[in-house]
Every structure is written in structure tokens, then in C-alpha cells.
Amino acid sequence: MFNVYLSGEIHTDWRDEIKKLSFEKKLNIFFSNPELNHEYSDRCGNSILGEETNQFWSDHKSAKINLIRTRKVIKEADIVIVKFGNKYKQWNAAFDAGFCIALNKSLIVMHDDSNQHALKEVDASALAVVKNAEEVVKILSYVIDGKL
Amino acid sequence: MFNVYLSGEIHTDWRDEIKKLSFEKKLNIFFSNPELNHEYSDRCGNSILGEETNQFWSDHKSAKINLIRTRKVIKEADIVIVKFGNKYKQWNAAFDAGFCIALNKSLIVMHDDSNQHALKEVDASALAVVKNAEEVVKILSYVIDGKL
Amino acid sequence: MFNVYLSGEIHTDWRDEIKKLSFEKKLNIFFSNPELNHEYSDRCGNSILGEETNQFWSDHKSAKINLIRTRKVIKEADIVIVKFGNKYKQWNAAFDAGFCIALNKSLIVMHDDSNQHALKEVDASALAVVKNAEEVVKILSYVIDGKL
Amino acid sequence: MFNVYLSGEIHTDWRDEIKKLSFEKKLNIFFSNPELNHEYSDRCGNSILGEETNQFWSDHKSAKINLIRTRKVIKEADIVIVKFGNKYKQWNAAFDAGFCIALNKSLIVMHDDSNQHALKEVDASALAVVKNAEEVVKILSYVIDGKL
Amino acid sequence: MFNVYLSGEIHTDWRDEIKKLSFEKKLNIFFSNPELNHEYSDRCGNSILGEETNQFWSDHKSAKINLIRTRKVIKEADIVIVKFGNKYKQWNAAFDAGFCIALNKSLIVMHDDSNQHALKEVDASALAVVKNAEEVVKILSYVIDGKL
Amino acid sequence: MFNVYLSGEIHTDWRDEIKKLSFEKKLNIFFSNPELNHEYSDRCGNSILGEETNQFWSDHKSAKINLIRTRKVIKEADIVIVKFGNKYKQWNAAFDAGFCIALNKSLIVMHDDSNQHALKEVDASALAVVKNAEEVVKILSYVIDGKL
Amino acid sequence: MFNVYLSGEIHTDWRDEIKKLSFEKKLNIFFSNPELNHEYSDRCGNSILGEETNQFWSDHKSAKINLIRTRKVIKEADIVIVKFGNKYKQWNAAFDAGFCIALNKSLIVMHDDSNQHALKEVDASALAVVKNAEEVVKILSYVIDGKL
Amino acid sequence: MFNVYLSGEIHTDWRDEIKKLSFEKKLNIFFSNPELNHEYSDRCGNSILGEETNQFWSDHKSAKINLIRTRKVIKEADIVIVKFGNKYKQWNAAFDAGFCIALNKSLIVMHDDSNQHALKEVDASALAVVKNAEEVVKILSYVIDGKL
């Protein structure tokens, strides 16, 4: 069984597309993801451990709690797929990518042509650079089941 | 001796400021940095190994050659300082930060308030978040020489 | 499934509280703990391997046998929760925390305000600092099931 | 050359004793230590990066900056000597000890008999348990120069 | 259960022989292999991610996608069996062997006498050098079930 | 579940004793061992891969094949129990013990008083030194089920 | 200073070319190489440890002694340059390349176009693929001194 | 420079022979060894830390102090040479050999024919098996200076 972590962009449905297509091809995959509820991921710290008046520490508390999850799923992943979009800075996505490469995970980067030059260092460490969910699932299908 | 790698933003003189202030304080530091000539870092692949017509592979070749340097300096660093600015996407800076954390390097992140929320995941793994070169050198001076 | 090691204080029922609350929320967790019978943990060495007249070696034998268990459960843990109370020195709890951090485990520290300053170095390496079992389980519920 | 990190108690002069005795024996040792100025170690965060009104975050900032130093010296140490006294909780000393053991450093623990039982788990991972600076330096002299 | 990765030559049926003989002996083994369809392994990159006119980048894209699979199966393998034949250069087989040794995998090399001298460096790191599938399965049977 | 590797002496029935006593206590343990048939372990190389006239290479071939098994079971073990007897040199048992300690396995050494001084270096790295199978199983029962 | 290991082909003078050009550019490099005397590398085992009548064991003894050197120089290398030529099978060169990649060394592969397809798996793990010594030294000069 | 640790037998002058021959050949080697004074190595614990009446703990204290030295020199060694003689059990020598192999050190084993069969498992992990100091130094000379 392959363990695939879907990192990056959380405001589009690219994860569902990959899961749906993988399910149709009956691929034996366990998918994981970061917290996908943007609001939850921002306020989990304050919500659970009490309000912070200072924005830095407020974000700090939440970001660390989110790390408990991402560390676990990255550590267990065979393949990490990181999706970059045009909205938001997405530095956390690039951070995840760097973290994965240092742990020798297989990295697949997903983005459109407009971000190609800006992502050249991330792409250079990836084993595949793709444009959409279809390409991701074709790779997974080939790698897992040998089907092309 | 401390080994400090200065990663991130390359179009301002923040590295020189840190070096100058550290020199004035006589701190025992070996500084390293990525290739700072933006044009060189973009075209080293084509320049050395031959032109590519495809922009992706052109960037790919250059990015990989740059990796030879950054891998070496990151591996030898005790402290990695990553500076984020408002210009460019700087995904490579965030990538470096993630890579360093996975290797258990001490990370110091430098950015102004406007990027605070977007950098919360990177800041959450740092041992210090600073606003300018003066703060960096105060930390280095304290950590190395115990002066406050 | 998450693997959670509950380290530290053994004379209160904080572990049972966490387990009960986690069970109510149907969290998919495997909990482990050190030997909780204080007397057993003190005299297992003498009891199994023969009496020592010297208190140092008596403690030494028992502490090493207890290490067989704690090493195993720490190695397998995703999350280590260390509870500090006001009774006893609890240096073994802080020792466990340091051990876990060096192994890149996610650390949650539990203590009340009175020990905050004394625990600042331990807290600085934690991903969350909590006051009670309710907060622990809220974090586990959020991290595992994404519920807030 | 041996690299020896002197961790723990900072309000007595045990480090100077060890250094003086080692110097007299002409032992080839590089000694390192955490920040020894208690006040500095408490307020370095606020002093360098700005005041925090909240005690927790104030301590947090300082503790993390101190970590930049301790991580470096621990990583480079062959031998880590941790001194426990009767004043203060010294959880950071036990944390350092656990961290060192996980990194396979040779640990020497220094304490008097009154703390023997409370330190049994820490002692159980040590290669020597000593009472004073004289014993430490006799060990260093034997280990480095083979003199008894 | 033993996890055995069958690397190297893909144009003969040596893998089937090993699997058949192991099945007959009811050995508890999970076998893995690289992509065995030579054409697929050559054109997976172009097929999934779009045609490349340049042969180098065409091969590059495919080779990296194949790496996603081989990294996974090598990482999970207890034993790696590498078969060298007389056809093709098979540098990838030798590359796999070197990669496995650096990861402390148990290596079994399979080749006939004609390649003995050329493979002496690879053989020198192996735990067994065999001539055919029968010898492989005898070793597996002995190692797993203690039968000779 | 605990994974326990029983290394060392193969001409007495100490392994069966441990297994029988553990079974009676219903301990949840997976036991592994090296090849126990002395003759097989000596001649597996010649038997499978062809006769060697030179005793050194004959032993070499067999010893390496046996390594395929021992590496696997050691890597998967939580606890390694090494039994030293008075017959034979048993350098392989001491070799296993050193190998295990470098991999941070929990080591239990079993021997009678007559070998105590000669085994002091091995004992010094162990978490328990025992005299017989009963003591081993008492430790396992305590460590796994908390029963004393 | 960069540490560069020159692996592969030993019957041409490509190493001298690289060293000469690097010297002219005053690059701060420590170069290492395997044993370059082909005859010595083949017969060192027999020569030092006594003749073997069996070719396999003769090669085995020599190959292992050569490993003492190559392990040392690979472990210390920042960059490994592997040259493939058309003469000989050069499986040891590909083995070295795989070994280096597993140790996260920066790999530069040198070969002409005729071997491009056969080396695609090795090239896919390299940070640069070059045709000659000039290109190697241009990369070293750029990576070390930032000159293009 | 090569770092060579000379482990094992301490009652003959084999280390001096190796050092003398290496000096004559001007080999660039840093040699290290365990404590060579047998009496010191037995009683260092009691001598420094106080008498133990129980022989086990007396040996335990000394063996652990000796470990401080051996861990340091093994960790820094490129090559470990372990000499087995006929006197004493020398389980500590075999323990050192196993420890080194797990750390991927290059192992050379030195013994005469009478111990060949008993040492087959240790020899199987070595890169050379030699009979005397002359052979050791020939290997060192070849590996370091390429002279045969």
C-alpha cells in the first residue's frame, strides 16, 4: 500500500479529484492531508488553549498544533504531493516540500505554467512536476499498478 | 566557531549589514550564502552545459547546479537565517527553511509584520523571528559571546 | 492511528481522564505509559534479580529494567505527553521530554501556572503547553479528526 | 581533543573548579557551557526582540534563543556533564541529559546523595555518577591521558 | 514475513522462477520489482506528462517517475536480489545495488561466471553471490524456514 | 507486541524455557532466533552455493548467509537477549551484542557468575544481567504486563 | 573547502585534466580518487594476504581492501563525480553512484551521448550531467567561487 | 588523514609494531586505542569513585568509565583493527567489532588460524582478515598511499 500526503492549496477541490480518480482506478492508497478547514487551522490554538491578544502568538499557538498533524502524516508518507496555486503566499507548502526532501520522501509538485520559474528550486528536487489531478493519478496508477 | 548560512532575499544588502555588524563585534562566525547574482543563478545551467529551448528544463538545469552549493552550506551550518521580503514569491527560501528544520538546524526567520500571518508555519519552527539585521547580530552576539 | 505515550506524574489519575475523554470522542489512539505502580517501579530490580544492600545499585537495577519499557513506548510514539506536578522532583519526566525531542517526537507538556517559569526550557521545545486533560483531548480530537 | 559540555546548575562555581583542575593536569579539552548569567538567560528574548507582557511568551522567546547555543554545544560534545543541586527545579538540566542520551553522548551526572533516589532514571543512563569536581577531573584525566 | 526486492534484468523470466519455487516451498515472502515492461519504463514520462523532443529530458522524466516506485520498494525491502545478464549495460542494476548497501540492506547478486571479474566490487558488498534462481530460493528457504 | 531476539548459545534449551514460561504467562511476544542447527549454520554456504576446499572461504560463505537472517531479526527486535555459556568462544554472541547496542536495542545478557569478569564490558551496556530463563521471563512479564 | 571524489574510469587522464584546470582557477578543493593502478587494484588482496587459486575469492579479497579506501573518501566527499566511458562494464562506477545518492552526496555524472539512454537512471539522480572535464570545472568554479 | 582504532588484545605489543612500521612508511595516520593498562582498566571505577564490595558493580563502574574513551575513539575512527589472541575470552573485542560494523566502520580482524572457525561471523563482516602487524601495515600503506 502507498501512503500519499496531499499538501498545499486548501481552497480548491484538487484533493477530492485525486481521491475520486484513484478510487475509480481502485488504487491501493492511504491519503492524508493537513487540516483543510482554513478557519480551524487559524484559530485552533486560541480556541483550545485560550485567546491571545498578540497576533504573532495567536498564530504561533495554532501553527504548532497543526504541526502535530503534519509531522505525523509526512513521516508516514511514501509520496508527498504539493499543490501551488496563485492565491496566497503558500510558504507553508514550500516549507513542507523542503522538509520532505530532507527526509528523502518522493515529491510530486503540482502547479500551472505561470508559477514555473518561481518554483524552479522546488521542482528541481521533485520526481515529477504535474499540471493537474489527472496527471497525478496517472503517475500513481503507473507506479502502483504498472498501468500506462 | 559558528557557521551561519544566510538564505533568502538576494536583491537587498541585508547580508552585508549582518556581516558588517558581526565584524564590528568581532564575532567568530563563518558566513555562507547561496549564489547572490540573480542572473548567474538563473542561467548557470545553460551557460555551462548548453542552451535549452524549453524554459522548464533550462530552469531545471540551473536550479540543480545551484543545489550543489546550497546543500553543502546548509549541511555545514549551525544556524540558518532566512530572510523573506515582499518582492518575488520566495518559495525557495521557504523550501530551504523546511529542509533545515528536518536536519535539526537552528532557524532564525527575518521578515516584517506584513508577512507575519503568511509565515506562521515557518515561524513556528524557528528559534527566533526577527525584523532586521540588528536583531540578528544581537542574537549572534548573545549566543556566541554571552553579551546582551 | 495515533500512538500517544503518557509520561510523568504517576500519583494522580490524569491518564484515566485523557483515556476516558478520548474514548467518549471515539478517537483512534493507542495509549502507552511507564510503569504506574510506584512501588513496583522502585523495587523491580531487587525483586527480580536479587536484593542489593547499596541503595544506588538497587535503584540502578530497577531504573534500567524500567528503561526497557520506556524506550520501546517512546520509540513507537507519535505524540508524547509529559505531565509535571508539584510533588516530587520529576527529573525523569524532564529526561523523557529531552529524549523525545532529540528523536523528533511531537511533545505536549502539561502543568499549571506555578511551574511555568521553571519549565520554560521544556515548554520551548513543545508543540503545545496545556493545563489539563480536557485541553489535551481537544488537541487530540482536532489533530486526529479535525474537529474543533 | 575532547569536547566537554558542562550543563546544569549555574549559581555555584563547579565549572571553574573543573576547568582549573583540568588546566593543572594539562588535559586537552574544549569546554562549553550554557549561558551562565541567570538574568541574561531569562531576559534575552525581551531584551533583543522586544518586551512581552505575557510571562509565558516572554520566557518562551528567551528559552528558544538559549536553545540556539545549547543545541550547538551539545551536538559538538563528546562528553556531557550535568550537575544537579538542591536549589531550583533544574528540569532543564534533566531535559539536557535526556536529549544527550538520545544522541548517544557520554553522560556524567554530578549530584550529592540527597538527590540519589530522585535521579535514578538519569543516573541509569549515565556512564558515571560523581559527587564533585575532583572526581570529574580524575575521570577526564584517566579517559584522555590514561592516568590514574 | 520477508520483503524481497527483485532488481535488474527485465527481459528474462528469472523473477517468475523465483516466485514459483518460493510458492512451492510456501515461503512467507512479499516480492516487489521495478516496472518490468521495458517500453512503459522508457516512455512513462512522455506518455503521462507530455512529449519531449530532447531524448535526454525524455529519459529524465521517465527515469524519475520510475524512481518513485523503486525508492518505495527498496526502502521496504529486507533482501535485495540483483540479477546481472549479458545484454544491456545494466548500470541501473549496479546503481540499485550501491544504493541498497548504503541503506544496509542484505544484498544477493545473481550472475554467471563470465561477469565475475567485472562485478567484483558489487559482489564484495553482497551477502551471497548466486548463479540461478534455484540457489536464491534455497537461500531464502534456509534463511526464513531454517531448511537446508 | 514485543519483538524479542534470542541470541547466543545454541546447544542448550534456554530458548525453549523462555518461550514456555512466556507462553504460560500469556505474554504477547514475537520471538526470533539465529539458525539453531549448528551443522546447518556451518555448512549452509557449501551446501547451497557449492563446496569450498579452503576452510576460511567455506566458513565465510556460510557466515554471510547466516547474516541475512540475523540482520533481519536484530533490526526488528525491541529486546535482544544474549546468552553466554562456558562452551565455545561465542565471539559471535558478543558481536551481536555490540551490533545491537550501536542500534540502540535494549540488551539483556544471560550468564553465570564464572563469566562475570570477562563479560564486564558487555554487561556494562546491558539493561539487565540475568542468570537464567526464569529471571528473563520475570523481566518480560514486568515490562510488558506490569506484573511483579 | 570542497571535498571532491573522482570515481569511475581509470584508463584515461580525465582526473588530471580536472585537477589541472581547477588549479589554474585556484579553486579550493581537496580531490580524492579510488586506486588508479588497475593492476594493483586487482591483485592487492593476493599480494598482501596471500595467493588465492580461486578467481572469485582472489577478486573478493582485493575488492574488499579497495573498499576501505573508497568508503573513506566517499564518506568525506561533498561532491562525487562519476565518469563512464565505453570501455569495460564499469558496474563499480554505477555502484559508487548509487551508494553516494543514498548518502545524499551531490552527484555529477560524466559521459558522452552514446551512453545517455543506458545511464538514464543514474543521470536522473545527478545534480549535473556533463560531457567533459571543462564542464566539470566550470561547475566547480561557479559553485565554489560564484564565477560564470 | 586516516583515523585508526586498535582494539582487542592488550598484553602483547602488536600496537607498537603497527605504529613503528607505519612510522617507517611515513603513513599519515592518527592511532587510538583503549586503555592498555589492564590493572587500570579493571580498577578505575573503584579508584576514582570509591570501592565497591560487590565484584559485579565494581566491574560495572570501571567498564562504564572505559566506555567514555572507547565510544569517542570508535566514533572518530575510519578503520577499526581488532586483534584476537588465545588468552582470555576477549568478548569485549568481539563486542567492539559488532559495534563498529553497525556504525559502518571499516573493520580489519587480526588472528591466527587456530581461531579461524570461531571467528567466522566476525570475519564475515570484516573488509580484511590478517595474521600479523606486517599485513595490517601493508594494507594501510596501500589504502592510504597506493603503494603495493
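Labels A, B, C, D, E, F, G and H are assigned to the chains in the order they are written; within every chain, residues are numbered from 1.
We adopt the following convention: a contact is a pair of C-beta atoms (placed from the backbone, for glycine too) under 8 Å apart; a residue touches a chain by one contact, two chains touch by 3 or more.
Values in this document were obtained by computation on a predicted structure and should not be read as measured data.
K.L.:
Which chains are shared contacts of chain B and chain H?
P.N.:
Chains in contact with chain B as well as chain H: D, G.
K.L.:
Measuring between mean CA coordinates, which chain is farthest from chain E?
P.N.:
Chain D.
K.L.:
Can you tell me which chain lies farthest from chain C, using the average of the Cα atoms as each chain's centre?
P.N.:
Of all chains, G has its centre farthest from that of chain C.
K.L.:
Higher C-beta contact count, C-H or E-F?
P.N.:
By number of C-beta pairs in contact, E-F is the larger.
K.L.:
For copies chain C and chain D, work out whether under half or over half of the interface numbers are shared, and give different or same accordingly.
P.N.:
Since more than half of the residue numbers are used by both chains, the interface counts as same.
K.L.:
What whole-number Å value describes the gap between the mean CA coordinates of chain B and chain F?
P.N.:
Once rounded, the distance between the two centres reads 50 Å.
K.L.:
Using CA atom averages as chain centres, what separation in Å is found between chain A and chain B?
P.N.:
Comparing mean C-alpha positions, chain B is 24 Å from chain A.
K.L.:
Calculate how many whole Å lie between the centre of chain D and the centre of chain G, each centre taken as the average of the chain's C-alpha atoms.
P.N.:
44
K.L.:
Pull out every residue in chain D that's touching 2 or more other chains.
P.N.:
Residues 64, 67, 104, 129 of chain D touch two or more partner chains.
K.L.:
Enumerate the contact residues on chain B facing chain G in the complex.
P.N.:
So the residues of chain B touching chain G come out as 35-37, 40, 43-44, 47-49, 61, 64-65, 67-69, 71-72, 75.
K.L.:
Taking the complex as given, what residues does chain H use to touch chain F?
P.N.:
Against chain F, chain H makes touches at 55-56, 59-60, 62-64, 66-67, 84, 88-103, 115-125, 129.
K.L.:
Which of the residues in chain F come into contact with chain G in the complex?
P.N.:
52, 54, 57
K.L.:
Under the definition above, what is the set of chain B residues touching chain D in their complex?
P.N.:
Where chain B meets chain D, its residues are 2, 78-79, 104, 106, 108, 126-130, 135, 138-139, 142-144, 146, 148.
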